[in-house]
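Alright, structures below, take your time with them.
Two complexes are shown next, each including subunit A; its partner changes from subunit B in the first to subunit C in the second.
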Partner chain A sequence: MKKIFVLIVLCFMVQMNSYAGPSISNKFQKSPDPEASYYKGFFEYETLIQSRIGQDSDRIDLGKYVGASEVGNAPRSILRLLGVYESGASTIQNGEPNSLNFLLWTILIRGFVEDHLTICSSDLKFSKFLDPQYFQLIQQLCNNQNFTDVLLNELWIRIMGYDVPIEEYDDWLISVKSYLTEHPNSKNEPLEFALSLLFLNPYLLLK
Partner chain B sequence: MESNIKRRSFLTALGALPLLPLFSALGSEKNKQTEDPHFFIMGYLPGGVDLTHLWDQRDLSLKSSKIRADYVGEEPKIYGGSGVSQNTTKVTSLFDPLKAYQNDFSIIKGVWMSSDFDGHGENQNLLLSGNPFGGKLFLPYFNTNSPLDVLTNFNFPISLSNTNKVVPLNRNTLNTLQERVSRLSPLTTGNPLFEALRKKYASLAQSSQTGSISLGAKLLYSGLLGQSELQDQFNQLGADGSLNSEEELERYLKRIFSLMKLGSTKTAFLNLKASNGLTADTHDSASAKETPALLKSYVAQFVSILKTLKETPYDSTRSFMDVTTFLIGTEFGRTNRQDAADIEKTGTDHNPYNNSFLVGGKNIVGGKVIGGSDLEKENELLSPVHLKIDPNKKMLMGKPYDFILQKIREDLPNALNLDQYITSSSLINTLFSTFNLDKSFWRTNGKSSALASEIKEVLK
Partner chain C sequence: MKSTLCSIAQIFVIGLSFFIGLQKSNAQLLDRSWLEKTSQILRNGKGLSSKDPIKQWETLSEDAFIDLMMNTTEFENSLTLFSMSYLGMRTDKIFSPSEEDEGLNQRVLHNPNVVFATQNFVKNKDYFNTLLSLRGPLYMRPLSKKMEDSYQKPGEKVEEARLRFIEKVKNWGPSFLAASKDTSIPFEKLCNDFLPTLFENAYSLGIANRLIDNIFGTDFWFTAYADQCRETPHDGFNREIEAIRYWSTTEALFSAIVQYEPNVYPVNKISDLRTIDYSFAGGPSDQSVFTTSFELSEDKPNSSTNFNRKRSAYILKTFFCDDLTPIGVALPETHTGNRHADEPSCYSCHYKLDPMAGFFRNYGRWFYNYTNSKNIVLSDGVIKDRVEYECNWLNRVPQNPQNLNIGYVRSTSDLTVNQYGEDLNDLEKILKSAPEVKSCFVKRLFQFSVGVNQSVSPGYLEYLTQNFTINLSQQTSNDPNAAFKSLWKSILKSKSFKEKNRSTNKCYDYSPLENSEKSLPCEVSSIVENRCLKCHSDTSAKGGLSMQKLILLADGKKAFQHLDSKGVQLSKSESFSRILNRLGESDPDLRMPLRMEIPNQERQILFLWSQRESQ
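Moving on, here comes the complex of A and B:
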């Protein structure tokens, strides 16, 4: 009985392979190395951000920044462009970074960062979505004078967590401080710059 | 002369050297409009639509003989007219709106889909990947330099791979995206965030220590460089509006053409739905009786596609019809009737042995009818191949085809050899031929090791 089952499975596999057709030569392979990191995907990214800087009562809705939450103009399908796991699929769909999904990620992140900056103008509407300690940290960083190593380190850890190489933090810190030096009279732009650079960091965006 | 090059700028430029091939690849995108333009559009009718009632119709005598249900209910006429190759093909009045465009397309009839499976999924997979169990979607093969492979309003089955640059961009998504992009300040060269991200992604892309992140960062780098161009492209798209079905399709197509012309993509896949909510999968008699209304709706959409292709200029001398190859069709045909059902009340089932398609546009000859199906007369002698598969004569079946002489064979084969029939593989290989695609992409007819023959008669 077992032999018959194995034989049936083998026949099925032969049948499948018979449809495979010729292999495609490497020169036409446009996909990158299959080992390349793909996006975490929209929902995993949103969950991660929520767990690090959000609070339980009012959850952060990142979809709204790409127009996916507005009633009447709410094509949730746009989120599929940011990488999603379709039901039953083992690999992420639309997860390979390209011009279009990167454009969408920048729209999302820049909108999210823009909301952060409302805190600097004492608009507290956005604060209800944020963990109180994170909110206080952002409030402090609204003042460029507070861009100290201690507070910047705290911001890094809040958003990036602990599983990113330390060199990444060093690079980011240098970039932020360079920005401050080159834009001495800026208002909230250093915070906008620092946050955008964090939220678009490959270790956060990619798997 | 004092040098203005700062040490940091120099080091940044030096660091970017290994990424020069990447710059070069993106640069070639800028030149794509100077290349010979060639796009591809596929219009897909989900559910298995009985297109025989349009352009492969039988006389009403087959209905009176209780062989074939005919809810159109009219005596068909021989398909002809200026520039159209004459044959025995018969069309109904449902076909009339297409006559104005009959030299812009050819009809491929008698196409065999899967000879092993009659399910929707298997035949959909076969059409799109060449394998009933799924595999690589063929449309991305037509893309070479564009950032996106396929724009579509369709959710491809998960059994199809090769879809990472397939963008599900339905009309609403396109509108939302355009609106959001228009609000965004450009992230381009000189912008501090752009420069910092470029530096970050470039350094990670070059790092040999970071494995898969390094490869992902390379893609992010490419995405970063390409996104500002794409932002420009979206900003140049015209405004959309609230329109009825055919006009909506035309508007959507024009916006897709704009993105093609701007270089975002070379292919689009349109999932066409009957505007009146009718189903193509007419197993029940009530649905089958609505076949004329269903086909009327689809013909209106075919006309919209053809009209938009012809009337949308690509440049001062060419329309999109001149630079686009198109294919319109469904996953399989349908049976003439169901067993034991009254011929006046029967539904129709799946028939993968006789499908038909419209092809046209760049590198395709218009006005032809290629291939054919059997059971044209009630007393027709059918092949042993037909009778073995369909002893109750419920189906039309594609006739064997001589790919050398390019004509239908009238012999009645005893054994099935798919290489002697027009199949979905020969149809798709014909499309591959219009793009001069390397033969390593070409399909076989399943168990055969030989590449399925292209249909030369339809090629320019």
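Moving on, here comes the complex of A and C:
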């Protein structure tokens, strides 16, 4: 589990230093035209995730993974480090990726992915936050035998939406399948790997 | 033979259908990408989901899809977010589940013109001009969902607890009135005995914090009495009259608040928000946005030395997109010492900053209006004679040391292009009529939709502004937001918005008259074309400068063709330094563009670009 995250974080950091372009095929190549990219910001990211995989009644609370639950009166100042709009400004604050805020993002996403994996152990607490169809999809992907193109495509669309170049999808698919091939006896690690790559994808995380 | 031909034809048809199928599939993907982005912008960050009829939406026209999105509930939030962003008050969420916010983000209420504008849009009333208003109704969010434990018994509903507390307060009122009337009771004792209850009444009922959401201060209710107790004298304070006023206000508020109990007043969207008119209780019916907004009243204080310049800078930056970057001068290191605003380096900003500040001259601490008072209290606690203070403006007043008028100053040499006024009503009229404000609004909407850092050709923005202005003048009462909607549609249909892997350094859209293949960077190309090329289209012009295009010099650098008196091409740095000097020149016979008033923002863009190129 830790190894997967370290790998993903390393890939991601190399990438963020270049640009918010394709994340896998070009992962160690500098973009010819590097540009700074900014986080969407905590709340925008959460809203997007909520609209794609959440349900209306029980909302996904991503703040809880960094100890800043939106429900209740937990101090939420840490969310500022994940990119927010502060008073008197129209531009995002703390939106520029740095080692600290990226560490926080990885902690947050790690927690979120871990909650996904509870579905595989028949713990249904997390399911109430998820759209029923998405929940079923995750349930199916708990079994590595179900890592078919059809289901993986559905997972991609569910999380990434449509505003991502097709090459990005191809690269993700190859990576996930390679992982599966290289770890034939793994349990839920392929799902963890696939989800982590998605939730940390620059097209989702960055503007 | 026939059958072979048929087979070939069949294969061809199958191949063609397959190819068309592929094309269609790609077209759908592209289309969905735009649907996705448009959905996020117009539905408050909400992307396409499996619950959406995406296939059906794909068959719509772009305009029809935008119209559809603009009719969703989420669009209210998107519009509110944009409006707040436009006013420099962007927030993350309109609705928040935190206990502090109890559903609705408090900061939304700090901008009553934003809420009013959104509600107007929903009701098919004018959005744009409402947003430019510097006043707005007072909005009241639902009263608190819980009272403190000492007031609300376990299991008791909050509205019942509040009623019980009101009954208790009603018994307290007469004794307070009697004590205030009895002059034998020292005022100090009156304060000790009753002041805590004044506050308790206000806060425990959950009204005071709601008042603070709406208007910064509760002066019309209990602040005068409380301040007097805290030895901050109020003009003409009379303890008996003030007590009567306080008590009648309290009783009026008791009756009014029932309709704001959370059980009868659910707020799930901006259009659910109700107003409250405090005039029944001696308070205001509406309020200036400077008073309601904590950010504006606190963050832009009016100290005894800044003469409302922070408020002025806010107006120039927000509505005119003028961030007061001075041109052609060395910036003063500090704004202190014995400097005067008429020193050249300071004057480059102050010539427009100070006249704009004049609109706020009667507004002191917390934006209280001191127009009818003898003195004005400033944010740093300094008290000044108001008439004397006002004499810093109005050039008809002999004591005015700087001969400053009040208004939006475009030029110091041609006063006819300036717009002058007296008070905030006049400022509002200027905001609604100034072309720079429309142009700035267009820029902000583009930035909100496409990205703050995205390069955009000024010519394209001007083209959008021209269309917006024409549409504003032609729109009818049937659709008072037609111009605004058309503007947003244009932006959402632009290449900049549609581009998938966008480079922030590149321009994607140009006005129909612009040539996108020009060698000049997009941020300056249209300015050069409109302001410089008339005279500098070839090197026969004065100064031997042709600004048609950048040429490659012998040293490999790119510069304008710029010849010295002997007909020799100047180096890049020398050429741009000369351009820079002429842009920042104060002598009207030398200042470029020659005898032409151009918007400060354009001069600034040109200046900063030339400055970079000259280095």
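Following the convention adopted for this analysis, the second predicted complex is superposed on the first by the 168 of 207 C-alpha atoms of A that agree within 3 Å, B and C clash if a C-alpha of one lies under 4 Å from a C-alpha of the other, contacts with A are read in each partner's own complex, and residues count from 1 in each chain.
Definition applied: a residue touches a chain if its C-beta (ideal position, glycine included) is under 8 Å from a C-beta of that chain, and two chains touch if they have at least 3 such contacts.
All values reported here derive from a predicted model rather than from experimental measurement.
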item: Residue contacts on subunit A - larger count, subunit B or subunit C; value: B
item: Which superposed partner A:166 touches (first subunit B, second subunit C, both, neither); value: second
item: Subunit B versus subunit C as contact partner of A:84, first or second or both or neither; value: second
item: Touching partner for A:158 - first (subunit B), second (subunit C), both, neither; value: second
item: Which superposed partner A:94 touches (first subunit B, second subunit C, both, neither); value: first
item: Subunit B versus subunit C as contact partner of A:59, first or second or both or neither; value: second
item: Partner chain in contact with A:104 - subunit B first, subunit C second, else both or neither; value: first
item: On subunit A, positions contacted by subunit B and by subunit C; value: 21, 33, 35, 73, 88-89, 165, 207
item: Interface residues, subunit C side, partner subunit A - complex; value: 29, 32-33, 35-37, 40, 43-51, 85-86, 88-93, 96-100, 107, 294-295, 299, 444, 447-448, 451-452, 500-501, 503-505
item: Parts of subunit B lying in touch with subunit A, wherever the complex brings them together; value: 116, 126, 130-133, 135-136, 140-141, 143, 147-148, 155, 158, 162-170, 172-173, 175-177, 179-181, 184, 187, 192-193, 196-197, 199-201, 203-204, 210-213, 215-220, 222-227, 229-231, 264, 438-444, 446-447, 451
item: In the complex with subunit C, residue positions of subunit A that touch it; value: 21, 33, 35, 41-44, 47-48, 50-52, 59, 70-73, 76, 84-85, 87-91, 131, 133-134, 158, 161-166, 207
item: Contact set on subunit A toward subunit B in their complex; value: 15-16, 18-25, 28, 30-33, 35-38, 65-68, 73, 75, 77-78, 80-81, 86, 88-89, 93-104, 106-107, 110, 165, 171, 175, 179, 182-183, 193, 196-197, 200-203, 205-207
